[in-house]
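Same chain, two partners: chain A is paired with chain B first, then with chain C.
Right after this comes the complex of A and B.
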């Protein structure tokens, strides 16, 4: 029996497990598979910033490890290095110069991994698992921001064991995103706080959540002048809200849309509703990608308010996604996200990271 | 006025704003303005291009980009507003029909346009209408929630504050708990805890779906009156009070609350009774159970999954057993500081660690000799007053259980 409702058979191998090798649903989109994927669910993906030549992909997983691959132009992926934590890794991010990777884990610490020397040292400590980690590069300071389930948001100068600043949040941090000078944190109990990072981080505004259920992922988008202007917030209820910080007409500009649900047009049978696990914005086009527990990813154009594409269904939920710095590669990870409880957890099941060419499919739809 | 054909067919997308008449036994003048804090959801993405083939044949002509209405989709107005902009635009995109686009817009009644969604019982003021629509929306949402297979351990709200009885727990937190328990070899605790959570969720959903008068009253109180107690302004503390006040589904704080306090003994700092939305497991569940304290013991049925959690070794008084297990689950490992959820370790919300200590592990602190209720003599006059009052006052909620005779059970 499943945890909630009668779920489709996830994780049990889909339809034909043995003997039908023709329709292999683990990669229905026929995307490039990354070699040596982690042994347990992938919680986060991050591509290297533009300051570094080439594309390097970092993935954190529930197997306590963080892995790094080099993605070559021909699509080949070469495993480069790996670091371990003592607990599952929940988030990773790059420094702006591409030399360091910051990893946040359930072991309540965050580490800074220097890729050149392949050394990792601890730079942060919380009282609870750290769920979100981001690098902030401001004109007058740089630091690492960590959001944890201990309800605090801390900012760390990597050289010091005490945080530069610690902000109290109303609830556990569930997800965060940073695009200087704006940071958005979504917490438990539908909390939503925007911080401004100029000069020093401070709370800017607390926003009433546009969604009814638990927040799951958030991503900031920018306007045509490349300034952060709003964010997309995903929930467990198959819905994403697009919210502008200072829109000219909030009632019309902010909206929500449903996604990652089954039964599109058939209104008689109850829909299956899946959580939106991650949202990522294309760095060039400004269109967004969402990945969900249903094992699909979708591309959307928020300005034209249309869907651009939905993938075929993979046999596992998609837990993380990200674009590389120029938007040519879309990476997504197929692994179990615990959306149906422990019964559907199969430690033997292989986890995948797929790379897809994103240059064409994410072009905005032209408004006529 | 011309009677609107689409309305008659149940698919007018302008709803309130339609210039034609929607015969309803006296048209309602102009929609009650929006004024809700939610951003209006657009029911589907790109709905302007989506044309439902099945409905298409029936119409004599098609309102540019409409969607099938169950007859009560006042959202049609909103969609129309959005779509009319480029209604003439792309209409050939049949593929967009494959993205789910339910006609059930949850935000419909937030629109305050009193049209389709408002069935029967219309007598009375706009406020009552609003309330009943909200309640209906809650019921609909519960229906969908239950049938959709979505994550159940999520908070839920249709207004600013989350509705009580739904603790927020992310899959990652649950998974971490599983991993740490299986590492320590204590999976049974995990199973029990999860089963506990599951059954409490189910019962809360049932309660809201069936909407008996008690639940109704409590909900309305919460929706409208949570101000004094829980007032908005922020998240943290206030919403927890919100849950304390009406989480029980009964309008009487007397009943379930005491059971909890009894069990907790001393929720110390904040008189939240550990209902904090805090990551602590057991807490919210207390609030989610139905009126009677025995409800705590009851939800033990593992119903669906084999999810069981905690060491139900604790057979304390029925009221506390729920907590016993739940807390057992979180804290069976090393009492306070670790806290499977990390939160226990934190300075905040120590409510749980201690109390669970009271439950699972330590004896003694278990309230006044483990009884559910205190006698009047044990309570100070202030406490008695609190119990007698309709609502608890912030900062003065008694830590001891109420006297039995103050309980009003229905």
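Right after this comes the complex of A and C.
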């Protein structure tokens, strides 16, 4: 039975290093560890799209590399290939057909990695590090969208060195998400812009941020008809805002919730508030996962407005997460995110990527 | 708004100074925020009730009312809604509200004046008001509503500025001087058009206007229906409707209306403010001031001197109740990290040549791993080098070259002053691997 199918035996799936001596605080959830993880912090994770058979995981890291593993049904992870940039890799994404992987780096370039031939070529150039990269597949065009700290959002036809379009943003791009026909970009200084991608990308609306702190991650969610209808925005202040684009009753429909904070109900000890490093929506259930600097991940049901689960605390922050195409696997990366500055960086500390069976835990709670 | 005679204009919570539209909502708020047992989440009716419950049921003592601002945590005071509030606190509150009202009016009229406390409007102010109003209007609401505004004199929430509001001043300059004049002592509570919150510490020079930058964008947005509505609910975002004469209410005008004003006016004055977080967002609280404020600094561009920890230093503490685990800088974690020399890109690529494209073909695995690691930045690739493309559409013909390891710089480029070699590996490396 497949590890990643419906529940059942999830054994300590034969992948690498498990059961290490020291306490298990590096993997308190006893999830499957991916073999040969990158040597420096993992900045992004992405699973292959449904168009490809099997599950392939891509991870970009601060060691300038992008690695690819095949995740087998029994939980085994097999390293497949790797590519390099000349600077830390900040974001990765897949093309819709699963044949290419796009990678974005601090070296101001983005590359297209053809997995079949294992060749990568540069397809984009910015004036600053590229923080977000997404593939857009529209009925009448396809392109790669890159958001950079140079305050521009560019769209590239991978065959040409000049962008098809370049849009100016008010500030540096910090995170973005695309679900056709909508794209959301969150920038520095709490900027938030929604773009519509039909015909050609154009700015749709600038939104006043629902959050009061620096934006860190964003993820679009869909409605029951599978159309993008809003997004979840996370900040460095342990809070996520759920925001609908055109809600019937914004005051009631939009809301924020606190997360990734140390126990604070006790009024005597100060509460530690951690950044939300990434948000991912389950492709089937529509529930979401958040991971934070506190080293925990949590699952939430935004419609019932409840928390479904919070994990145990890992000994390192969790920097990235993603679901595979059918929502059976939840991958999360444990590595240092710089939340306590450079003093707490230990290059020797191992970085991990864990895989967890997500089929059951993310089922929505029935609204009472 | 209703009768002036009511206890305090609008119901407000003694524990956290927030304002509410209705006493019922106030009570719900108190039950959920202040009288809720942290162990079993049962909602009690009063502070002493909560204390007794914890003692009897959980055998635990609590030392203060949860989520209350310092000075208002007395667990023994029996307060329910607006009942039970000590008279002196009531008066203080009334006073503060009045002052705030005065301030706004005063400001308008007499920028040089520094008094406060006056009950009457200055003579001659009236003509100015209409003019001044609009821009100020934005400030009014927060005043009356504040909820969070600690009120001078009252135990102040150590805001340390407030979070999230970058001092974008572009649209505001005109206001500033006026504000300052009028208000030497007044905590620029008026300022935060942003609607947020807590008075700024004197250290915060200016008002912040977060959305200022957004405004332009919004004005052109044709989309109507929800434009502003969206921002509203979410919260204290600033609303960008433009000057409307007195907005004094907590809620923003309806979307349609604001839409028009928005599109109509080329912006300017700070516009209305949004109201402070409302009870409708249960999860969204200011949680006793602490939370938000902490990082006011990080978000602001011009960091006020107050918190200043050494660069990249860890935690920015704020109030006694919470601290943000994030370096005290305005940059994102990635930006801070990327500044380190070890992560500087070794760009050979940017170099000269060209425009671009450096197709990279590294192949993989294991070996690379060991190699590349120790020094990030080294790896490879990218160098432009020649080699027939091999069928790749590619832009620069001639660039692809299957390769492992890179660095090899191909002649031709080597010449290119390898830029500050970023201290790294001598290009030569490439032993084998080049096919």
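Here is the rule we go by: the second predicted complex is superposed on the first by the 345 of 368 C-alpha atoms of A that agree within 3 Å, B and C clash if a C-alpha of one lies under 4 Å from a C-alpha of the other, contacts with A are read in each partner's own complex, and residues count from 1 in each chain.
The rule is simple: a contact is a pair of C-beta atoms (placed from the backbone, for glycine too) under 8 Å apart; a residue touches a chain by one contact, two chains touch by 3 or more.
Just so you know, these numbers come straight off a predicted model, no measurement behind them.
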Side-by-side fit of chain B and chain C on chain A, or clash: clash
First (chain B), second (chain C), both or neither touched by A:161: second
Chain B versus chain C as contact partner of A:307, first or second or both or neither: first
Chain B versus chain C as contact partner of A:224, first or second or both or neither: neither
Touched partner set for A:121, first chain B, second chain C, both or neither: second
Which of chain B and chain C A:85 touches, first, second, both or neither: second
First, second, both or neither for A:148, with chain B first and chain C second: first
Contacts of A:214 with chain B and chain C, given as first, second, both or neither: both
Clash with chain B (superposed arrangement) - responsible stretch of chain C out of 111-119, 255-263, 273-281 or 345-353: 273-281
Contact residues common to both interfaces of chain A (with chain B and with chain C): 43, 62, 87-88, 90, 106, 108, 129, 131, 149, 170-172, 174, 188-191, 206, 208-210, 212-214, 216, 236-239, 241, 243, 250-252, 254-258, 261, 264-265, 267, 270-275, 305, 337-343
Chain B contact footprint on chain A (complex, rising order): 1-8, 43, 62, 87-88, 90, 106, 108, 127-129, 131, 148-151, 170-172, 174, 187-191, 206, 208-210, 212-214, 216, 235-239, 241, 243, 250-252, 254-259, 261-265, 267, 270-275, 298, 300, 304-307, 310, 337-343, 345, 367-368
Chain B - residues contacting chain A, complex: 34, 37-46, 48-49, 52, 54, 68, 70, 81-82, 86, 89-90, 96-104, 106-107, 141, 143-158, 160, 162, 168-176, 178-179, 190, 194, 198, 234-236, 239, 277-279, 304-307, 339, 341-343, 345-348
Chain C contact footprint on chain A (complex, rising order): 36, 39-40, 43, 62-65, 79-88, 90, 105-109, 111, 114, 118-122, 125, 129, 131, 149, 159-161, 170-172, 174, 188-191, 193, 203-214, 216, 236-239, 241, 243-247, 249-258, 261, 264-268, 270-275, 293-294, 305, 337-344
Complex contacts: residues of chain C adjacent to chain A: 38, 62-68, 73, 162-166, 168, 196, 210-211, 213-214, 217-218, 221, 223, 225-227, 229-240, 251, 274, 278, 280-285, 287, 290-292, 294-295, 298-299, 301, 311-315, 317, 319-327, 330-338, 340, 343-350, 355-366, 368-369, 372-373, 376-382, 390, 392-396, 399-400, 402, 406
